[in-house]
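Labels run A, B, C and D following the written order; every chain starts at residue 1.
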Amino acid sequence: METFKQWAKQPPMGWNSWDCFGAAVTERELLANAEYMAQNLKAYGWEYVVCDIQWYEPKAQGHIYKKFTELEMDGYGRLLPAENRFPSAAGGKGFRPIADKIHALGLKFGVHLMRGVPRQAVAQNLPILGSDKTCRDIAHPFSVCPWNTDMYGVLDCPDAQLYYDSVVAQLASWGVDFIKCDDICVTEFRKWDNPYTADYEIEMLRRAIDRCGREIVLSLSPGPAPRDKAAHLAANANMWRITGDFWDEWSALHRMFDKCLEWQGVAQPGAYPDCDMLPVAMLIDSDPSRPPIHRWTRFTEAEQVTMLTLWGICRSPLIIGGDMPTFDDFTLRLLTNGDYLKMYRTVHGARQYLRREKNGRGTILWLAEGDGCKYLAVFNTDDRPHRIRVPLSEMLMPDTAYTLFDVWAGKTLGAHRNAASVPVEPHGAVLLRID
Amino acid sequence: METFKQWAKQPPMGWNSWDCFGAAVTERELLANAEYMAQNLKAYGWEYVVCDIQWYEPKAQGHIYKKFTELEMDGYGRLLPAENRFPSAAGGKGFRPIADKIHALGLKFGVHLMRGVPRQAVAQNLPILGSDKTCRDIAHPFSVCPWNTDMYGVLDCPDAQLYYDSVVAQLASWGVDFIKCDDICVTEFRKWDNPYTADYEIEMLRRAIDRCGREIVLSLSPGPAPRDKAAHLAANANMWRITGDFWDEWSALHRMFDKCLEWQGVAQPGAYPDCDMLPVAMLIDSDPSRPPIHRWTRFTEAEQVTMLTLWGICRSPLIIGGDMPTFDDFTLRLLTNGDYLKMYRTVHGARQYLRREKNGRGTILWLAEGDGCKYLAVFNTDDRPHRIRVPLSEMLMPDTAYTLFDVWAGKTLGAHRNAASVPVEPHGAVLLRID
Amino acid sequence: METFKQWAKQPPMGWNSWDCFGAAVTERELLANAEYMAQNLKAYGWEYVVCDIQWYEPKAQGHIYKKFTELEMDGYGRLLPAENRFPSAAGGKGFRPIADKIHALGLKFGVHLMRGVPRQAVAQNLPILGSDKTCRDIAHPFSVCPWNTDMYGVLDCPDAQLYYDSVVAQLASWGVDFIKCDDICVTEFRKWDNPYTADYEIEMLRRAIDRCGREIVLSLSPGPAPRDKAAHLAANANMWRITGDFWDEWSALHRMFDKCLEWQGVAQPGAYPDCDMLPVAMLIDSDPSRPPIHRWTRFTEAEQVTMLTLWGICRSPLIIGGDMPTFDDFTLRLLTNGDYLKMYRTVHGARQYLRREKNGRGTILWLAEGDGCKYLAVFNTDDRPHRIRVPLSEMLMPDTAYTLFDVWAGKTLGAHRNAASVPVEPHGAVLLRID
Amino acid sequence: METFKQWAKQPPMGWNSWDCFGAAVTERELLANAEYMAQNLKAYGWEYVVCDIQWYEPKAQGHIYKKFTELEMDGYGRLLPAENRFPSAAGGKGFRPIADKIHALGLKFGVHLMRGVPRQAVAQNLPILGSDKTCRDIAHPFSVCPWNTDMYGVLDCPDAQLYYDSVVAQLASWGVDFIKCDDICVTEFRKWDNPYTADYEIEMLRRAIDRCGREIVLSLSPGPAPRDKAAHLAANANMWRITGDFWDEWSALHRMFDKCLEWQGVAQPGAYPDCDMLPVAMLIDSDPSRPPIHRWTRFTEAEQVTMLTLWGICRSPLIIGGDMPTFDDFTLRLLTNGDYLKMYRTVHGARQYLRREKNGRGTILWLAEGDGCKYLAVFNTDDRPHRIRVPLSEMLMPDTAYTLFDVWAGKTLGAHRNAASVPVEPHGAVLLRID
């Protein structure tokens, strides 16, 4: 097993600032969430607190990027936390003070990066730490992100590796435990006359982390990552997105069943297809036509159960998207269900057992191996409640008694032979442990 | 359930003359096989004795058709057994004497038909029994079989139905129990300017049988039948071919795994996808460049076990292709294994559980439901022997003891938890009953 | 130049029985037309009188073929004139008496053939003259015409050549000067599993004619002949159809402009793309739902002028389709215009000079070389009259005087410099000679 | 006619610095060429002296662009001549002194622009003259040229128009008579998720010129411009490239026959498809692996005649690419042939009359209308000399005498009837005036 996979023997569990603060999260908000996590979630395995995109942008607001805006940066073209948003970074301390506080809470700290070198560093032709080349030398002239103007991609050359090395070394010196790198694993926009691929930038990042002397988990974004790159992704990263940005709409949740099937069998210790953040509780509205406003998740409780059930049985990383201090009882209980989390930590071999839908409505069953048991996720994709049949004799042995335990309800359903049936809410799920 | 399905509540088991006598089988050969079946196989469920194509062709020889040859025919354009080959048919008795003898042995009798009306009846403009139209009136001008010149297809008109009625009534009067109709369920050659389909001829045949007053099982040939016509086929016939002619070559046997997967879930009582005859024991060689010569099947014993295992777990009809009196001990034991035949009669819900091959070599598992048990077919498609793992904990429950019984060996393998492994010969199969 | 091309140094001019008598023409009708031609058209170059399809079918009626009907045939599978329709054929004289009468009028005689050997000769297994094989031996089992059941195509074998030789020898002995062979030059229906082509039957026919000792012009039908077979067609036949059957509808006439462009440059002495018969004057109606009825051409006079102009400038054969004794003054004048026929005999190098249409309506100009002059055909494809500009300075030399002669009107339009304009009727044409 | 078309009633004739000086041309070189033109070519109609790309790049060298390099620019993001290369620009005078000198020679002055706004002006967030927005506001975030990093494209917004207005106003104030705008008329690289088109930037440039108060001819580059945008191009520009960069290789010259056919009929007064510069005499070598070196054109004299003949009969602009002071007698004579230039000024309606090649070798004829005459260009694309037939009787009138004048040889070929023939060198051309 590659060493870096040992840094994520279990799929990462944590929180990310994007869904509830967009590009504008502040030190205070980060720490408030860290404290909430330490008090309420840490005991259940939640540990990463991740600051998402544009922490180096002083004027960031909501989810909409200012194009060509000034970024905070050091003399080597490495981005720095905007001090107006992260006051503890003053005096060149970077994220070190925040990382220290999060570590003191028994948690881990993550940050977001954009692939490449800042266009601003190229314009200023800044030197690269440890190199006699400059940012201008390593910038790729035409490799630009299609949704954000902060960076140029880099050329496939040794000095670009030195630049990535310098960036990761700085993050390591701050105490960063997790990097979410963006604009790096979807290839669909990259249609040039001479086809271009950013594969080598993933590899550069891998090497930079391996050299930095700190265990840093690597997460790649956005998706959809190409399915045929699964081996390359697993050889270089701990997790990678399998869809574009996921938000709280049933249609997006329903499509995730397709994506989980597409990536079925790929998850392995240390390398996980990622279904994206969990948009629960309080989020901000990402409509570009007005300032960001806070709003509660549009998902019903049943839909949240479906989401957790699918992410969990497939072993997607679990990264909370909502502002944790706003959690209500339901949300907190959902994320701290011990039987669920036991399944999450032990399950493997998940596969779609049955999908019987008409016009996108019907039944989906996912079956997986547990520790001395099986797990069966029973999904109702219809918008009406249904009793759904559990075909025990077909799945297991006929004329044999099996004990069913309802994970979310926390109660046994007794012994059944050949078949059972469970009532499932509209868009909801029942997660059964079979003993 | 349509009535005709009750005539084949179990998939038909029998023998057909094509693989060992081509178009030239004689009364003596038919009866010799019937007698062998009565003595050696009947007790195990084998019952149909089927006379294949061109029994009305006096000069037939091997598998190669004489084009435009004279056929024996009555005054209504209905084909008659060639008396030089079937002497008991003399005096207009048709197949009645042979059917009587086969019935007296406790067996059933089947014959082959070509779709349509003889070109010779069209040339002679013979009347149709019970109609004031003639064979010329009902013949389709351009619907010709691409590999045999005996017939024209018919037009979609009431008098064509009368013709089919007259043909089937005659067969019924002779005591025929089974019709194999050819040139009727593959559509790939039918590419006309105005697309043509023979669907209505299948329906005509269905109606003719339903009207004839006798229970006659209907088998359609050749294949590959189009998968998207499954519902139409099941509504009209008892069995239909899913491939072209099957012969004793590993590559053909290996391809059958694909076809069985394609048709997975379609078999139902009374209506069966058909993997074609079993080319075992003595066959004739179908090389067109020389007279037919008898030769033993090219299949190894292991390959024959694979063939029976796959046909059986998928509930394909079992129609023996070899000359039965030549059977050696192996062949006879293979076809009379009680545990196997018990599975065949009770199994359902077969599905491919796993296929892991590289360059067409590896492991295939098919899993199915038995009567209070499961059946697992373990196939080794490599040309070297392998121990193949049986993933009990994944298929069934972990940490639970299951008893494995080797159906072909007729012995128990004892109780296993989580996993077992079985040695499988090259191109061979092990069929396990799991209790 | 191949010898057979010398038999048609000019494109053939004549009459064919199909448009006005269908498959049912009689001796009386043939001769009546021959006599009319001799008296009224022969002096202008018209010479062939062609008896179209199924002269061997005693019960023929109109344009609809009786399928599988009995054909008159000799003991070698060669078709014979039906004596009820052609009484002079009695006593085995075939078409000899009719040919003699037509020759006596100073004209030439043609007959129609279907590709292949009669199915009836195959059913009867007749011998082939000069061969020890039979009609059954040479018949192709699956090569059937998609619109007529009289024949099978033949296999590509020496005895099939002998059969064609025997057929053509008989026609030659009768005095036939022209063969129109059908079902032979369109390939679109011939889609078999093993692709089939009838090319070799064209070549067999060529050889049979070359061997028969008589100059017989060969015409191939129906179309559309494939454009990419132009070289093969020109090497084997004197004329071949470039469209399906042509009838008296403007849309069909309008489409012929596309086909003439497609075949532009292919016509050469002895080998001509054929635009099909001229449906002028009295025709029979080819509606299959009722007996044939006579009716006058639906073409307006202007459309007939357009047809003659296009056929003529492109050097298509001119084969009259209407019943000649019914001709009115207009029709007769149209077909006997001396200036037009002079152009027809001398023109070459015709090319579309300009096509300017919107929604199929506008102007088309075809330009060609004459004998010491040029010809310009000015077509108005709109349904309103237009004055159409003749761009002399662009086509020829600027500032130079050219004399325009209106061929159909038979009058000079005087001298013009740089441009002229001519009024053209809806769907009509003006044919100019430019001196 | 749109007003701007009157500024180029004849296709522009001039010189451009790219082929012989790349991106690095200097004031001295520009003026040396202007002086040569004034003395030797002006009398024949040559008038534009155009300074090509990156005159604002102090370190430019040959044809290879330095990526992200510093550009000379004013406080409004408008590029300025690099003073080290154009000393007279010192003191903010821009190109005014050079323009004055060129005007004093009786010639006109042109400059090159790249589409969009400098990335450097975006990085510096410079204001836009007459707007309260900045260069950052108008820059398109993802519209980048695929071969040069100087600019961003602009958004489709009013302030982007103001930016273009300010740029063109400055050029007008300097006395610029011709703008060649680059990265603007080929769309093939523009493949974004949301398809992007630069059409509106062409329109902005058109408006900026129309508003600037000076007659400035607009040339668009590079090609291939899409043929289906011909109407849009003609409505906005005086000339546009129909191919990518053209260099002195026979294969490129031979391909131009295809492009000229594709654009046949589009040229009109004021709007011309452009075959690109004429790489004659001394050029610089554009191999990126070494410093630029001067070398003589690889075109043979015959090929140069072919190039001038094709460009001329099609009315492509004629823009000399070689360093004019190096001209030898041949080159100068070629470009000052009075009969040729008379044709160039009067010809219209050019069309390919015949193309008869095999494997790219053979004969091509282009025919066009002159003033009271016709012009016929006779091209030999073979690599051996040929006598080529001039089919007078087919092109014009048979049996009529025409006088042929060999334009390049400057001599009459006498009167011919029906046909003539002319010897043509390998890859060469004969240009005939027909009277």
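FYI, contacts are C-beta pairs under 8 Å (C-beta built on N, C-alpha and C of every residue); 3 or more make two chains touch, one makes a residue touch a chain.
Remember, it's a predicted structure, so these values are computed and weren't measured experimentally.
The chains that touch both chain C and chain D are none; no such chain exists. Separating the CA-averaged centres of chain A and chain C is a span of 76 Å. Inter-chain spacing, taken between the CA centroids of chain A and chain D, is 54 Å. For the pair chain A and chain B, the distance between mean C-alpha positions equals 55 Å. Residues of chain C found to touch two or more other chains are absent. Shown here, the protein chains touch around one cycle, each chain meeting exactly two partners.
Pairwise chain contacts present here: A-B, A-D, B-C, C-D [touch as defined].
Residue ranges on chain C touching chain D, taken from their complex, read 349, 369-374, 393-394, 396-399, 402, 434-435. Interface residues of chain B facing chain C in the complex, by the touch rule stated above, are 67-68, 119-120, 122-125, 136, 139, 141-142, 144-146, 148-149, 188-189, 191-193.
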